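One structure follows; several queries about it will come next.
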Amino acid sequence: MLVVMRVGATPKEIKTTVSAIRRMGLKPNVIPGALRVAIGITGNRGAIARERLEVLPGVAELVPVTKPYKLVSRETKPEDTVVTVGGRHSAVGSRPSKRPSSRKPKAESPKPAVFGANGFAVIAGPCAVESLKGALVVAKAVKAAGACAFRGGAYKPRTSPYSFQGLGRKGLDILRAVREETGLPVVTEAVDPESLEQVARHADMIQIGARNMQNYSLLRLAGQSRRPVLLKRGFSATFEEFLMAAEYILSEGNYQVVLCERGVRTFADYTRSTMDISLVPAVRKISHLPIIADPSHAAGRRDMVPALSRAALAAGAHGLILEVHPEPDRALSDGAQSLTLEGFAELMGSLRRIAAAMGAGPMPNDEG
Amino acid sequence: MLVVMRVGATPKEIKTTVSAIRRMGLKPNVIPGALRVAIGITGNRGAIARERLEVLPGVAELVPVTKPYKLVSRETKPEDTVVTVGGRHSAVGSRPSKRPSSRKPKAESPKPAVFGANGFAVIAGPCAVESLKGALVVAKAVKAAGACAFRGGAYKPRTSPYSFQGLGRKGLDILRAVREETGLPVVTEAVDPESLEQVARHADMIQIGARNMQNYSLLRLAGQSRRPVLLKRGFSATFEEFLMAAEYILSEGNYQVVLCERGVRTFADYTRSTMDISLVPAVRKISHLPIIADPSHAAGRRDMVPALSRAALAAGAHGLILEVHPEPDRALSDGAQSLTLEGFAELMGSLRRIAAAMGAGPMPNDEG
Amino acid sequence: MLVVMRVGATPKEIKTTVSAIRRMGLKPNVIPGALRVAIGITGNRGAIARERLEVLPGVAELVPVTKPYKLVSRETKPEDTVVTVGGRHSAVGSRPSKRPSSRKPKAESPKPAVFGANGFAVIAGPCAVESLKGALVVAKAVKAAGACAFRGGAYKPRTSPYSFQGLGRKGLDILRAVREETGLPVVTEAVDPESLEQVARHADMIQIGARNMQNYSLLRLAGQSRRPVLLKRGFSATFEEFLMAAEYILSEGNYQVVLCERGVRTFADYTRSTMDISLVPAVRKISHLPIIADPSHAAGRRDMVPALSRAALAAGAHGLILEVHPEPDRALSDGAQSLTLEGFAELMGSLRRIAAAMGAGPMPNDEG
Amino acid sequence: MLVVMRVGATPKEIKTTVSAIRRMGLKPNVIPGALRVAIGITGNRGAIARERLEVLPGVAELVPVTKPYKLVSRETKPEDTVVTVGGRHSAVGSRPSKRPSSRKPKAESPKPAVFGANGFAVIAGPCAVESLKGALVVAKAVKAAGACAFRGGAYKPRTSPYSFQGLGRKGLDILRAVREETGLPVVTEAVDPESLEQVARHADMIQIGARNMQNYSLLRLAGQSRRPVLLKRGFSATFEEFLMAAEYILSEGNYQVVLCERGVRTFADYTRSTMDISLVPAVRKISHLPIIADPSHAAGRRDMVPALSRAALAAGAHGLILEVHPEPDRALSDGAQSLTLEGFAELMGSLRRIAAAMGAGPMPNDEG
């Protein structure tokens, strides 16, 4: 059930309604909109006594929500959600850049990455952070080519317990240094409560990977954090399961969620997984959350990444997350799917032309 | 094995080489290229006595083919194949338009549809041909919007024996009349030897549907026909199986084959099947044949068709085949996935802009 | 719609009802049952005028059929269909065994294989028939071990046009000779109208392979034949599509159809396809037709065949079709999945013990 | 790499070898076998200096392990692992049953459930624990019918954040009371570090569900626990990924792992997921760990559970985990897939007969 408040409802009216919902043993979720506030009601197992709410001052109407997902649905919030990553919004954990320091002259003022609505934002970087020097080479190159955020794994979920598992806390330090020097917000994966706490503290966006898409405890913790979350679709998650995973995050009060299609498991054997391009228009129709694509992991091979990237843009994605490595064949993890620096720059050029033809707004880094 | 002839090899030299291959008990497949001729050798079970061919006049080199597919492979023919449908090339079966007739004033001079290389060609029309009047309404509308060929089922493979199975021979007559009045080449499906013979006689392009992709007898017959063939991928065909199905057609001497991705079976349940967009770059890399997409059947729902169409173009497809119906909800078959006439025109506009941004050549019907 | 006749309805009453249905422009399908006759009505696109049929003498009741499949459904025919292959029923095409001949002393009296109800029947033989001598070695061995029918491909649908395509007509002669010498009914695949005519003439059961499960023209021809049909599930056919394919055969008047699960396409990569064991109880619940399994093609590897065979029996399958070869590693086709003669005999022993524990009737060949 | 010690190698020799491996910067994993000890070496990224180990006293040979999984592989440990759950082995956390109490007269002496080798063990119980009274009704009934362990969810991973999430800690108390009254070991799922700690303390076996199969942090914690672990296959986990998930647990020192096939995601739509029966023989061939099946979750519908249960047994599974509920249609979760008490007892009868026919040892509860 969704309680839609009148345009101009006062904070007091909203507060009264929230209290009334709580007294009914239910959970109110206040959803601020461009014009007016809505309050999603969750926690009910049966019918809700509509009459107790309809009569409250400031309440415009009660709208039943027919889908299992509520807060992520356009029924609840018709306008697009815009998720802003980094920049002014990222005060927590960005302290290093505020301190006077000898490195300051190099520091760039942080500029947020914006996902949603009419924009197209590209996150790029290596699969795993391996060294500060290497990370900076990539970060500067992808920024120059138009990327608006830097990715790099510090905590890596690896199929084998004997594979390189990421640099951990040390990797986060490298990411912070990259942000300080380039001004790019940084995105990195959390794999458990400990790493989530660290990532929320030191990075600008928390990535929840495909393997953890139904790790509901982790989703709840991400929902309790104040950082934007990048949620990847599970290898065989249905559309509904994917939206419900996002619902877990929103239901804890964090509405800053970007969804990401990264390929699903099928019989097809010439790509590592099958990028389900139809998910993009499906999400745009049903949900207000931004949706981006990860062609690098979907294909698992570099030569397909440009075509899939262009396809995602043309299908309506709000952005991409791409793996880029200066020497892909020497990467510690997932080299085969990483673009070279040159390949990335070339791809960005063609994306920019298509985005313009589609009437999409300029890419976030296109100010010149 | 591939015998590459020298640039400027004489017809006699080619003929001699062909005869030598035949005398070895093998089958020569002459493949004319832009610059020179190659001869694919098929039918061998073991090693080929290279020395008997290398010494022949006009032979440049012998190249082993390492893939199970030979004639469809870029190893055999590096340059893109361009498939021309209708127009001057379609003399057979288009006799009606040559005869002086009272309808002549209405008749348009036939203009071929061209698939491959740098172009982007759109086939459009209703799922099934239901009446001449209805077909003409669609044909004129899609032509005006930029389509370069008309589709419409006369022989329909239906899951249920009790469903409408198409108008058959009468449907072909309607298609011919559509071609005569609009100048659009017509594409329609063949489902067995009898319908294939009829389709080859009366239409401009033979469609082999997903259900028959591994109906090898039908593929061989299509290969013996002189008509271009539109081959759809089976519901769960691997990349290799798809190319091998095309190989059946080429191995009979018909090199005019256009491949078509139409969605594959997966667990995903919000589209009828999952459009495997990665197939487009995969085909372009490995094969010289054109590849188009069928978003209507892939999605099974109209609202996703525009996004998937744009994605296919951006991924590098050479064209689309789309279902269009004046009143989709009254269609005898597959109405839910048909675009309206207005929806189609709007989509064509956005495709034209993206194609231009990609540096693709003009769409076949863009002469103004 | 199903017209259920009274117990004891006279042939004349049945005939009158059939005529009445025809006069309504519909198609009557007479389905003889153990106790009474039912008449399935197909061909209707809208409601049927019930009152015109309900009043006829001998008509007990009219039952609406709610599933898209009608004739294959238990709603139409509650009791199990029993399909008898070969033996007395196979007069057509078995002429060779009637002629006095010098080989007569060796000839065995033909014994039918029975599929359905409480029995468990095993078809066994090589993937492709390669020589009479080799076929006889296998046939005698599998008969001794308890197989009740012999399989062997004469017309092989091969992924590559350059692979061995079977001996064709000559292969059928070998199969006939095998039947003559061993008394085993023979089962072989038809791939197009020509081969279907030959197979119907010379073999005891027509196999329609997975690739042709939706080759509706071929299904109709199989329905017009008087031979029992073994219909394999397509690589990605849904339950409903599979039953509808069988419906095509039944709708032409041939009710002697055995269904066969042979594995479906999934992401799983350690077997060639994934045997969908759940299909067995699903078919037994919804349809009256027998269902068997083909573990050889499902797994594609010999070492899994015994476990999958036992699983199929335990899940309720009415039988198996298994590949057996005296020297699997020298087979021209599919050797890796063929059991050795010894492996087959061992497997049959364990199947016999489980069948007994399940209270299944004796296997058809167990008379001693 | 695997270091195989001589038969009769002394504890001191083993200790020396272990120390040598550690000094090389690698991790030794001591694997006690029936006849001799092996030491798996993990943690290496390159070649291992064999010569430093081959010369040590007590070392028989060094065997390279060619699969990505090491400790779970039969290459490392050829003989079947037998996992014992509950009974004497479950001292930790079962303190309540040791205290003198007024309920003592009812208490049954705990009897372990044994998985692996030639036995067949059935875990049964409701999807979620709802009340002690209800749980006891089921537990007594399934014990009487031959189950050897009780299952019941206390922490439920639910697709929707608004669904019943289990009773949590209170559910564990119910499970302990069930064990005390029936003597049945109890199995329940852990979903995060907190619940894992509680489950390890209070239950006899820790279940890791399909959604968490690649939650590597949780797997490591389970590996550090001393409880046996029931690891379910992820919805689309490959064979290798599944074994690698188990490898995470073993690599932390916990070798008491039972694998469980619970159905995979495919296009097939008449069951909730497709039980991949082939996994059973595949695991038995490659790994020494026991493998059981979960037909309730695979099918998602009660009517298929008996057939799939029998199939799993016949395919070689070491046991089953089944959902049973006294009134399935009133269950708070997953009622449609739960057997009734009567249905379960009937199924156990048929399983017992098949197990006997297969020469499997008696089911754990068959002492009379």
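Letters A, B, C and D name the chains as they come in the text, with residue numbers starting at 1 for each one.
In this section, a residue touches a chain if its C-beta (ideal position, glycine included) is under 8 Å from a C-beta of that chain, and two chains touch if they have at least 3 such contacts.
The structure presented is a predicted model; accordingly, all values stated were derived computationally and were not measured.
Novice: Using C-alpha centroids, which chain lies at the maximum separation from chain C?
Specialist: Centre of mass proxy via C-alpha means gives A as farthest from chain C.
Novice: For the interfaces A-C and A-D, which has the higher count of C-beta pairs in contact?
Specialist: A-D
Novice: How many angstrom lie between the centres of chain A and chain B, each centre taken as the mean Cα position?
Specialist: 40
Novice: Measure off the straight-line distance from the CA centroid of chain A to the CA centroid of chain C, and report it in whole Å.
Specialist: 53
Novice: Counting only Cα atoms for the centres, state how far chain A is from chain D in Å.
Specialist: 36
Novice: Would you pick out the residues of chain D that each touch at least 2 other chains?
Specialist: As it turns out, chain D has residues touching two or more other chains at 236, 264-267, 269.
Novice: Quick check on the complex: what are the chain D residues that touch chain A?
Specialist: 42-44, 68-70, 157-162, 191-194, 211-212, 214-218, 220, 234-236, 240-241, 244, 247-248, 251, 264-265
Novice: Applying the document's contact rule, which stretches of chain C touch chain A when the two form their complex?
Specialist: 236, 265-267, 269
Novice: Any idea which chain C residues touch chain D in the complex?
Specialist: Counting only chain C, the residues touching chain D are 236, 238-239, 264, 266-271, 274-282, 284-285, 298-299, 303-304, 306-308, 310-316, 350, 353-354, 356-358.
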